[in-house]
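The two complexes that follow have chain A in common; it is paired with chain B in the first and with chain C in the second.
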Partner chain A sequence: MLSYVIRRCLIMIPTLVVISMIAFGVIDLPPGDYLTSYIVQLESQGAQVTEEQVESLKRRYALDQPLPLRYVNWIWRIIRYQDFGQSWNWNRPVAGLLAERLPFTIAISLTTLIFTYAAAIPIGIYSAVKQYSWGDYLFTTIGFLGLAIPNFLLALVLMFIFYRYFGVSIGGLFSPEYRDAAWSFAKFWDMMSHLWVPIIVIGTAGTAGLIRTMRAVMLDELSKDYVQTARAKGLKEIRVILKHAARVAINPIISLVGWTLPQIISGEAIVAVVLNLPTTGPLLLQALLTQDMYLAGSFIFILSALTVIGTLLSDILLAWIDPRIRYDKEA
Partner chain B sequence: MLTNTTLPPEPESPTAETSWEDVGAKSLSQGQLMIRRFRRHKLAMGAIVVLLIFYTVALFAGFFATANPVQRNSAYIYAPPMIPRFIDSEGNFHLRPFVYGLESTVDPDTWDRIYKPDHDEIYPIRFFVETDEYNLLGPINASRRLVGIESENQPLFLFGTDSLGRDVFSRVIHGTRISLSIGLVGVFLSLVLGLLIGGVSGLLSGGVDLVIQRIIEILISIPQIPFWMALSASLPAHWSPIQTYFAITVLLSLLGWTQVARVVRGKFLSLREIDFVSASIAMGANDFWVIVKHLIPNFFSYVLVTITLTIPAMILGETALSFLGIGLRPPVVSWGVLLQQAQNMRTVAMRPWLLVPGIFVIIAVMAFNFVGDGLRDAADPYSSK
Partner chain C sequence: MANKDLLLSLEDLKTHFFSENGLVKAVDGVTFDIERGESVGVVGESGCGKSVTSLSIMQLIRRPRGDIVGGKILFNPEDGSSIDITKLSPGGRQMRSIRGNQISMIFQEPMTSLNPVYTIGNQIMEAVMLHQRSTKKQAKERAVEMLTKVGIPAPLQRVDEYPHQFSGGMRQRAMIAMALSCDPEFLIADEPTTALDVTIEAQILRLMKDIQQDFGVSIMIITHDLGVIAEMAQRVNVMYTGKIVEQAVTDDIYHNAKHPYTQGLLQSIPTIGRKQRLTPIRGSVPNLLTLPSNVCYFAPRCPHAMEICSKQEPPLYEIDEGHTCKCWLYEGSKEVSA
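Entry: the complex of A and B
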């Protein structure tokens, strides 16, 4: 098991390297000189830019070097000093903005992932056991709708309904009085009462896909001989379903984390813009629109890296709970 | 056959001269079996009809629209939808549906226009009405539209109007062109890339295969929307609408080809071991012959399923990007561009009809999903189900 974990971690390294290259490509993509526009930006704010400052900026971002060296410089500063560069839109280090926004992104993504599975597994089992019942049809319909409705549209419609018929605004993550308050139990509770909207909106598409897979795998398993055997032994039906069939059917679902997680993080980015959540999404969009490229590139890098790490964790989890995966053989 | 207890009389069983066809037992080709299987999928058949209607509308958008999509009506800013009715305010039944004219007043406090249906102005809805000349398709111009009202001063707004007084119905109809074609063009690019790269991967195996598989895994692990956002935002702003359109389709297919490549590679690997392929190779067929004659016909149905299920993702991708303002930009009309107007909650709460383009996105995506589902069942006509 340990050697499997180590091997998987080693395989992850080239993936992260490629992702970081893509992210740096995003930083380097816009035409024009980053430094010149930064100086223009500073001067427009009334600041004096000295020759020395220009030189130090050049050194910091290795701007006079060719592309590969600029990349190496960028990645080295991240690893060595946790320096992701400067956001000239906010006039702050990118690392600080990341530290502010990222925890919310991670919290929302993880809760959504848990919600997705907590909803999809029981519904999938129910749909398979009661195949062609009205409940099955109901969930199938909801599933297809969930796949077809773009999540930002779902967010808009929910906001519309609540605004128009209940007079409440469901955007944001905190009520105004808690927005700048220090963390307290009341603030946490306030956040929880806002959190369900993004979770449902982001999670719907993933849940719909997982329900369909869970139902299909479960139907497959229920028709197999070992289930018949379990029934013939006189086991209670509930035990046959949960202890035998579901136990096996759950594995392919868990291996789908690698597919669900990118979807959730991806969906979060756009839903956050609509719902005005204090996560990375709105900042990323703003950064892209104003060509604040160190901020945008770092967000893309961190979001993708998180996805890869999440997928890795799910693979390890799967190897741990599924005894049929032979992870020592190939080593 | 096995359930047949009474054997057919001797002369009717096939001999060297007569085949099963002569005795009435038809043999179906694989293609026929697939079509037969597909037709049994009711939802998929319905979805095919919906898609055909959508694409017909897209092709002849001008005919189905009721007005010029960029025509501004300063007298009708944010006018509500005019609903076709059969029964008038006095309870009389009209066989021909009609709409009421719009009466507008200005709110003295907010300066917003308030619209009320004017029960004295009745405009019957007519088919094939004569209007201004418009471009139908390519060099063809026409001047008749499918529905309309005959009136000089009252335009017809079936889905209301937007912030500039443009007719939302006509804009949705014209938006169909971009929104539905972007999926097709994008999928075509994905298909070419996927077939090439997946084929190479399955054919060469070894080191090349390993590298390609790793690249695919990396691409799958990247969250799509942020990636698309970044690339799309870096498109030069001075590009023409056509250039942006193609750039966006290329962007969408950059991540879209991976699924096709996976299917192609998997089928290459499994089909390579199958007897008829070995036999063909043993008889001296070269790679090209084997691929074109044996492999492609055998896995194309699976590729078709994959690309049908990729189209909705591309439609949703374009809609999302345009909605955020970093995809297609006005004056181009697509469903995503139209939804941009719905970004402000204040506006939407007062004018819910701005969300109408979203309904069309949902219908199109669901239709493609159902067709994909039907094709998946039909792709393997020998499985029992």
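Entry: the complex of A and C
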């Protein structure tokens, strides 16, 4: 098991290297030089940019060097100094912006993931056990609606309904009075009371898909012989379902974590714009629009890296809970 | 109770399925007895109701798709009580305390009848802990003891292995260990060797015979293979389309088969040194959905079919003591009330 984990971690390194190259490629894609757009921006604001400033910026970002060298430089600064470069638009180090926004993205993504699984697994089991019952039809209908309605539309509709009928604005993660306040229990509570909206909005589609998968896998497992064996032992039906069938059915669902995570993160970006959430999504979009390329590239790199790590964790989890997965060479 | 040696008796058992296309009378008026310590065979082609009979005894027929609609299953365990299993609620406490404890079952497919994510030991211990109220440690000791008894080498090590680390024959041994772990009085073996290689089949049959001696358990062996019956059973029930067509001691079935269906089954067994061609039974098992009522269902395939066969269902005739046959050919023999 340990050697499997180590091997998987080692395989992750080349993946991350390729991701960082692509992310850096995105930075370099637009025509022109970031410095030119930066200088134009500064000059349009009436500032004077001296020759020395331009030279020092060029040296700092190694812009006088070819692309591969610049890539190595960028990576080196990230590894050595945790310096992801400078955001032109915000005129701040990218690292600071990341530190500000990333925790919210991670928090929302993880809670959404937990919500998705916590809702989908029991509903999927119920739907399979009570196949073609009213409850099954109800959840199936809700599930298909959840799959069919785009996230941003759901967000808009929820915002409209809550504002119109309850006079509550559900955008953002904090009420105005807490937005700039220091962290306290009250602020945390305020965040939790806002958090459910994005979780539901982002999680609905994923939950709906997972319910369908869980239901299908569970139906498959329930018809297998070992379930009959478990019944023939004299176990209670609930134990037969949960200990035997559901325990096996859950394995493929767990392997889906790695696949659900990128969905949640990219789904989060659009919803965050609509709901005005302080996460990485709106910032990334803005960065792409204004060609704020160090910011955009760094976000893409970090989010992709997190997804790779998430996938790795789900694989390790699966290998841990499913004895049939061979992680030893001799097995 | 007429006979104190009677362990289980089915009386006019009817198990029907309510499919979308109509009523399927999978088991339709089956009557037979099993005595203590006896091995009884149930033989027939696929779809004749053998497995449904055994699932009915275990009360494992899935509702609402199927149900026991008539008859009795009288179970007389050693404690002297007499229970009509059909009266028990399938999920109820009493039925669960019988299932896997007093009556247990082994299935056809050893490759799929064990849960892939639990160790063999865990799956045996589950039944032991459930019925014997033993501790985990005792249950594990019992699991190792059972694995030893069914001839699994290095049981102390294999008890912690998963089903995929076992071969088909080993898995079936483990299934037998599991079924016998609570010392049942009655074991149902539903095609226990059908999925196995012939050499392994012989080993498993040998094991089952030994185990019957050691545990004093009664066995009902369900198979389509008359060779298995010859090896294992003292008495045989031949089933066709949900009904028993012939009952006799094993010797009589082989040397003095009366029903044309039984004769047909015997003629379709290949044997070494045989001079004549194999004669298969013509046609195939009819669709249970479209059966007419009150006729002999075998008539369309029967070489001896007479006019009466497609007009009226034959009664059960007693050919000899302990040998009954449901066929018009024996009209004039003593009728047995079914």
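Keep this in mind: the second predicted complex is superposed on the first by the 323 of 331 C-alpha atoms of A that agree within 3 Å, B and C clash if a C-alpha of one lies under 4 Å from a C-alpha of the other, contacts with A are read in each partner's own complex, and residues count from 1 in each chain.
To be clear about the criterion, contacts are C-beta pairs under 8 Å (C-beta built on N, C-alpha and C of every residue); 3 or more make two chains touch, one makes a residue touch a chain.
These numbers were taken from a predicted model, which means no experiment stands behind them.
A.B. asks: Regarding the shared-chain residue A:Gln228, is it in contact with chain B (first), chain C (second), both, or neither?
C.D. replies: A:Gln228: touches chain C, not chain B.
A.B. asks: Looking at A:Leu147, would you say it contacts chain B, chain C, both, or neither? Reply first, second, both or neither.
C.D. replies: First partner only.
A.B. asks: If you stack the two complexes on chain A, which partner ends up touching A:Val157: first (chain B), second (chain C), both, or neither?
C.D. replies: Once the two structures are laid over each other on A, A:Val157 reaches chain B alone.
A.B. asks: Should A:Ile265 be classified as contacting the first partner (chain B), the second (chain C), both, or neither?
C.D. replies: first
A.B. asks: Between chain B and chain C, which one contacts more residues of chain A in the superposed model?
C.D. replies: Touching more of chain A: B.
A.B. asks: Which partner does A:Glu237 reach: the first (chain B), the second (chain C), both, or neither?
C.D. replies: Second partner only.
A.B. asks: Just to be sure I read the superposition right, which of the two partners does A:Val40 touch: chain B = first, chain C = second, or both, or neither?
C.D. replies: It touches nothing on chain B or chain C.
A.B. asks: A:Val18 in the overlay: touching chain B, chain C, both, or neither? Say first, second, both or neither.
C.D. replies: first
A.B. asks: Which residues of chain A touch chain B in their complex?
C.D. replies: 14-15, 18-19, 22, 26, 29-31, 144-145, 147-150, 152-153, 156-157, 159-160, 163-164, 169, 171, 258-259, 262-263, 265-267, 269-270, 273-274, 284-285, 288-289, 291, 296-297, 299-300, 303-304, 307-308, 311
A.B. asks: For chain A, which residues are in contact with chain C within the complex?
C.D. replies: Listed in rising order, the residues are 224-226, 228-237, 244, 247-248, 251, 321-324.
A.B. asks: Report the residues of chain C in contact with chain A in the complex, numbered from low to high.
C.D. replies: Residues in contact with chain A: 58, 60, 91, 95-101, 104-105, 107-109, 112-119, 123, 126-127, 130-131, 162, 164, 175, 178.
A.B. asks: Which of the residues in chain B come into contact with chain A in the complex?
C.D. replies: Contact set of chain B toward chain A: 214-215, 217-218, 220-227, 229-231, 233-234, 236, 312, 316, 319-320, 323-326, 339, 342-343, 345, 348-349, 352, 355, 358, 361-363, 365-366, 369-370.
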